[in-house]
């Protein structure tokens, strides 16, 4: 239940503005890949192109190819809705649906796509909540609104909601940046467990976090303000943090800028 | 549904579901766009129908449509809008002149002066003025206020009669004058103007207000320098919207204002009676029969429509211009 | 800024005594007083109108016949000494406003959805502009338009539904604007969350976005309902009054509270019974409109989704 993502020669545009330039990389299945880099370097923008979420913004488009186990995400006839069903996403700020209970939040993806069998739904809900490390905390109040949970719990609820549709790949856009340290630890722990089943990609501005959770790390940077972001280098996390091949990477991870 | 482990999953796990989704999107987008286009169509149709039915009557008009004061719609027709235009514009501008300072003052009260516990209920009270149906304003104005207002008007006439606007008019008694209509219209348009002013004044940046206070400005100086300038465009466009409402108000004007006898002499006085476009159309509504005569009323309605169109368009352009500027 | 620059220097006193001239303080106090006064003066007409209408209209409303009888058997308005009922007008007002809402609300919500969720570029700007223009169309002009279409062009006989058609033109912009505002308040993050689950856009709008702001939209609908229920001008042109109860929107004449008032008002000064009818109808109308209006606000306040 986990697939490989190959990106080659990808350019991202918003209208006439080129936001990210010429990215080529391979994201291995059953692993955690971290994207790091200074703000505005295009790491989040690039992440959104991996499940075509950038198309939600008017004018967002790409050149180049992204394949999921050799299936081209941008081939003509591919429905972006189907892409997002296969490649899930967790956002910076927890965003449970305010009108829905905890249960319905987890099942939103299934129910909105027409799944009705109660047995399937119940089974999926418990499995997803367990996988998100939230089951024990909420099993007695599944009917309560999702927004009644704490911030960290909400974020795990969002992760449960994302994995309930059984995606192949899970994209996380700075999933801990709005959380306190204890909740952050819980999410990092969860990320470590999720890679057993999913291809996980995490954008983070926190280098320690990247070092803690990821197997490989990609460093993004801007040549200059106003220039498009680009991929500087990508390697095993251990290598990136000990012996990066580029000078600029070393400057960044040693805290000299960014 | 979603792909299960072991199945050939990927981008089209269920092509039919995807197709269904796309069809749903197309249908829904189409329905929403149709509704939007319908709104445009309605405005276009209003214009077209009014023009088409006004033109034959205008071609048969023996008088000058723009400069004649008579209104005779039995063939041969001779009708003009001058008196209607004057009454409409004069009462509306008067209403605006009265309502504008009040609306700004009340908006300041709600945003900067009222204690926090009072601010919301006070706003609801002002909004309630907008909920009162205009026919109730008409009843109140014509049968309750007018008799009490008549002696006051006589007093004003006595004092300021030498100004043409306040000159004496012998034909109208009982206080049912343009001046009273202007006052009642002012009350009626006050809530919408206040609501807009309140919105723009509440958005004045707090930092500058604090800065003004920090260098020793009094509250009023703070309001004048750091609040009102931010509201200017909004206040003007709110005034335009209020003017538009006043121009088109029908039943309150019809109940309050005394009609003039045919052939009354021209006067600039606000103590005159008369009819506005809207009240004229409404009060003659019972006599409307399909034919050229109706065309004359439709022509009058068309002028009113154009008038409000321009006023509302100006209001919109001011708001848009402000937006472009601040973004 | 000029006042400030002129006023700020020249502190005449020191330490804790404020460095403001007495004139400036006085001017500020005067402004405060005027601003309070403006609000107080605005309350005068509100209280006066409420007092007038309630004191003169409530007595009629308190009779059961007011609610369960129409004006049949009363004779020509103003010449028979009994007030009798307003059931025909109350039912008529509610029916007309209900049919109006039935047509206008779906169009308005769809237009708002178009403007917020789909509309881009020139067409959306034109639609938005036209909503503004429509909201400024005087009600008498809306009625004139329906008259020109229905009677002059198609030579049809006016039916009560014509009044609803005219009122639809007035209700669409009111409900569109409030629904648009509510839709814009729904955070984009919710839409993105749904998209990321592979939910198509239309289902996202129907099942995630709309439920999140439904209470606000219902409030806007109720405010629109209250507004058209109180409209008079269009009825004068396209809805003839009758003394009798009629519940068929598509034939005959149908009374409404405003036309009941308008029919009796001419006899008011000579006939106290007519006056009772007029004030009773005015009171009923104002109570109805205010009740719906306040219910809408309260509903919006109580059921707001917290996020």
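Going in written order, the chains are labelled A, B and C, and every chain counts its residues from 1.
Throughout what follows, a contact is a pair of C-beta atoms (placed from the backbone, for glycine too) under 8 Å apart; a residue touches a chain by one contact, two chains touch by 3 or more.
Computed from a prediction, not measured in an experiment: that's the story for all the values here.
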For the protein chains shown, what form does their contact graph take: line, ring, star, complete or other?
-> complete
Tell me, please, which two chains come out on top when C-beta pairs in contact are counted per chain pair.
-> B-C
Chain at maximum distance from chain C, centres defined as averaged CA atoms = A
Calculate how many whole Å lie between the centre of chain B and the centre of chain C, each centre taken as the average of the chain's C-alpha atoms.
-> 14
Averaging C-alpha coordinates per chain, one finds the centres of chain A and chain B separated by a number of Å equal to 51
Would you kindly tell me how far, in whole Å, the mean C-alpha position of chain C lies from that of chain A?
-> 47
Residues of chain B whose C-beta touches two or more other chains | 2, 21-22
Which chain A residues sit where two or more other chains touch them?
-> 81-83, 85-86, 109, 113, 165
Where chain C touches two or more other chains, by residue = 198, 200-201, 203
Residues of chain C defined as touching chain B within the complex = 1, 3-4, 7-8, 11, 18-20, 24-25, 27-28, 30-32, 34-39, 41-43, 45-46, 48-49, 52-53, 106-108, 110-111, 113-115, 117-119, 123-124, 126-127, 129-142, 144-145, 147-149, 151-153, 155, 169, 172-173, 176, 198, 200-203, 205-206, 226-227, 229-233, 236-237, 258, 261-262, 265, 268, 278-279, 282, 285-286, 289-290, 293, 297
Chain B to chain C touching residues, read off their complex | 2, 21-22, 24-25, 27-29, 31-40, 42-43, 45-46, 49-50, 52-53, 101-102, 105-106, 108-110, 113-114, 122, 124-126, 128-129, 131-137, 139-140, 143-144, 187, 190, 212, 215-221, 223-225, 241, 244-245, 247-251, 255, 277-278, 281-282, 285-286, 288, 290, 294, 297-298, 301, 304-305, 308-309, 311-313, 315-316
Residue numbers on chain A that touch chain C, as the complex places them = 51, 53, 56, 58, 81-86, 88-91, 93, 95-99, 108-109, 112-113, 147, 158, 161-162, 165
For chain C, which residues count as touching chain A in their complex?
-> 120, 187, 189-201, 203-204, 207-208, 211-212, 305-307
Which positions of chain A touch chain B when the two form their complex?
-> 1, 68-69, 71, 73, 78-79, 81-83, 85-86, 109-110, 113-115, 165-168
